[in-house]
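The same chain A turns up in both complexes below, where it pairs with chain B and then with chain C.
== the complex of A and B ==
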């Protein structure tokens, strides 16, 4: 039993490892992503600088200007590291390439999780290193505490898993819809606006903050962002609670949808 | 009897839902309509049919991807749809238009990954990989990223990858699509050789008559979800086309002769290529008439191309 479990972990880990190597080998995409990220960070750094100056305050949403830039580094690194999972699933379903996956002794979700995680880790590492360099260069370093980094390291994998489940939910809709592009577009925009990508949730009006904090988008972006720049134990517990809830709800949604979707497989071609 | 694949009265219906305004219309389409088939272990079968005939649906049921509406299927003793994971350990598949190789990595990396996915014992994996690399001439390509390989090289690597876990049944779906003549022939030889060497059952789906002719010993033609022809390739060819090609070379320019049921396909000063309907004029009689035309230097009797046989079968079984 234990051996079977270990074998499963080993095969999905190896998928992740292979995906990471493949991602690393595709250097052109990495370079273009770095350039894009540097541009975004620079623009928002200037923008926040004007906002802080105009408002004449030292802190916004509890963050200093320097912390705000480092917050952006974290959230941008997360969002730009997500592979286009929904597109891959959509493509596999529509072209019948799903057959290649289903013909192997693998879980469809597990295989995508391994692949997506492998790709994401490489992208995230590159993004974080480059983002940190840019932030250090233009704003200077901030003080990181060991406990804060530990909390960030615990919240981050949960954020990745929830994000994976979210993208998988969108992708699996391809079994019912002709194209998932519309849903994916709405989902990603909601994530950017309501997850705290460029503006931390603490900057939003007090009346909407409780709603935004209860959404899964916050568990993916705002939670790790805050943990990196302004960690507190109370916030950590709150974030972890929200993430656990999202994980259960999203996870259940994905497995239920996948189970139902497999009965709807129409494989064309050949 | 050691059976590779057993199919009994297999049926598959798809429900197509369409909305006409607010009205939901369900139309049932029968893709597979009562297929019964036995494929003994080690046999190489060409499973062919026109587009939409139901061959792809059948293959997907055999691999456990689709659930049938009714019927029984046993592949290596497993019921594919309820024992998909177990069956997957023993089947391999090559989809000509869908790659399993990692595009930015060398084939070696995909091979390593496949070994982990199938949980292959290290020694056995290395032994199989070395044998495949050697026979498929992949040595110099194993460390080259797949994106830098030619289509022919890629397909060789693709087929080798699908044989790595020593499957007992191999599904080949359009394996030679897009390949040039040499690469096509190479691949056909390799599949045929591996089938003979390892005794694997091969299910080949292809629109290329050459693939069928060179790889398969048996051809199963399906149309409208039913088996319309099943038999050895040579027998099917003879059963369905009553003509033969006569290629005659003369020592001197031949005189015109009348051969009933004969159509001249090409004619030069010293060579005639004719197609004769053997139900009108038997081959021996046609040759006797040609001898009257002039002294013969060489003569050959050929079967018509398989392509034409297939076309005829499709036409005969058209709605």
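== the complex of A and C ==
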């Protein structure tokens, strides 16, 4: 029993490892992502620089100007590391390739999880290293504490898993819709707007903050971002609680939708 | 000359009609892309509204200016790629030797090829631009007419720039990724208030990444209703278009067919 469980973990780890090596091989795509990230960070560095100057304050939403840029490094690294999982699932459903995936001795969701995590870890590492270099160059370094980095390291994997479930839910909609591109676009914009991608949630009007904090998007972006630049133990506990809840709800959603979707698979041979 | 221009406008109208008919064969997918692009653009405008609620003025720019900026950029982008959607694919078409079919037809290669496809989501952008300008800015008639004209001018900049980027494939092999990056940089820089940028970056925004002609000058024209600003927009757009067209026809001499057998229906 124990050996079987270990074998499963090893199987999906190998899928992840292979995906990571494959991702590493596409240097042109990585360079292009770095250029895009540098552009975004530059634009936002200018935006926040003008805002801090105009407001005449040292802190906004509890963050200094430097911390704000480092917050962006964390959130942009997370958002730009997500593979287009919804597109892969959509493509497999539309072309019928999902039938081939289903006869393999692998869990469909597990295999996608291994693959997307492998790709994501490489992308995230590159984004974070290059983003940190750009932030150091543009704004200068900030002080990190060991406990803060440890909290960031604990919150981050949870954020990745919740994000994976979110993208899988969007992709699985392909069983019912002609195209999931529209939903994916809306989902990513909601994430950007409500998750605190470019502006920490603490900068939003006080009236909307409690709602935004309770949404899963905050567990994916705002929580790790804050943990990196301004960690507190109380915030850490609050983030973990929200992430645990999102994990259960999203996870249940994915498994239920997957089971229901499989009833719609018809194999006609060929 | 005038007759030839009208002839091409008729051709463009026919292509738009056919492309829309083709999209409407999959109307669920088409409308979902249009609606989602509309919501996508709306999310950005909501972001800016929330932003300006907290920080009301940004180097002299107000929320009305930013909404005008988004309206003119999305309307111009939408019209450009809704009508000439192949501009998006140009780098790939060249790299894969797929422009043979357009070379054989009794029309100028570039405009004919660009008209061959329509990007469905671009219609969502175009719709958004006009709706948001009418709904939020509530312009008078002269401003509305200027907005329509400037949207077309912005569209010319986008097409010229897309042709310039795509034509790199003639010289570098597959320049798809580079063309995407360059085009994304134009979109990124043109959707933020240009007053954020200074010095060398400002020079870049009127040359290498001509965002100034897409964002700053059109908004300035709509603010001032000045003929000089309008003429600067037109001049900039024609320069970018001329650069793109020259690069394309210069590169076309180096084109090698992919010998693909394909149906163009």
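Note that the second predicted complex is superposed on the first by the 265 of 270 C-alpha atoms of A that agree within 3 Å, B and C clash if a C-alpha of one lies under 4 Å from a C-alpha of the other, contacts with A are read in each partner's own complex, and residues count from 1 in each chain.
We adopt the following convention: contacts are C-beta pairs under 8 Å (C-beta built on N, C-alpha and C of every residue); 3 or more make two chains touch, one makes a residue touch a chain.
Predicted, not measured: the structure shown is a model, and the values here were computed from it.
Q: With both structures lined up on chain A, is it a clash or a fit for chain B and chain C?
A: They fit: once the shared chain is superposed, the two partners occupy separate space.
Q: Quick check on the superposed pair: does A:186 touch chain B, chain C, both, or neither? Answer first, second, both or neither.
A: second
Q: Considering only the touch criterion stated at the top, classify A:234 as touching first (chain B), second (chain C), both, or neither.
A: A:234 sits against neither chain B nor chain C.
Q: With chain A as the corner point, what is the angle to chain B and chain C based on their C-alpha centres after superposing, as a multiple of 10 degrees?
A: 80
Q: Is A:137 touching anything from chain B or chain C once the two structures are fitted on A? First, second, both or neither.
A: neither
Q: After the superposition on A, what does A:146 contact: first (chain B), second (chain C), both or neither?
A: It touches nothing on chain B or chain C.
Q: Between chain B (first) and chain C (second), which does A:177 come into contact with in this model arrangement: first, second, both, or neither?
A: second
Q: Classify the contacts of A:14 with the two partner chains as first (chain B alone), second (chain C alone), both, or neither.
A: first
Q: For A:99, decide between first (touching chain B), second (touching chain C), both and neither.
A: first
Q: With both complexes overlaid on chain A, what's the closest CA-to-CA approach of chain B to chain C, in Å?
A: Minimum over all C-alpha pairs: 12 Å.
Q: Where on chain A does chain B make contact in their complex?
A: Checking each residue of chain A against chain B gives 7, 10-11, 14-15, 18, 21-22, 25-26, 95-100, 102-106, 263, 265-270.
Q: Which stretch or stretches of chain C touch chain A in the complex?
A: Of all residues in chain C, those touching chain A are 26, 28-29, 32-33, 35-37, 39-40, 43-44, 46-47, 50-51, 53-55, 57-59, 121, 177-178, 180-181, 184-185, 188-189, 192, 195-197, 201.
Q: Spell out the part of chain A that touches chain C in their complex, as residue ranges.
A: By the definition above, chain A touches chain C via 28-29, 32, 35-36, 39-40, 42-43, 46-47, 50-51, 54-55, 177-179, 181-183, 185-186, 189-190, 192-193, 198-199, 203-205.
Q: Could you list, by residue number, the parts of chain B that touch chain A in their complex?
A: Interface residues on chain B, with respect to chain A: 14, 55-57, 59-60, 63-67, 84-86, 88-89, 91, 93, 95, 97-98, 100, 102-105, 109-110, 112-113, 116-119, 145, 171, 173-174, 205.
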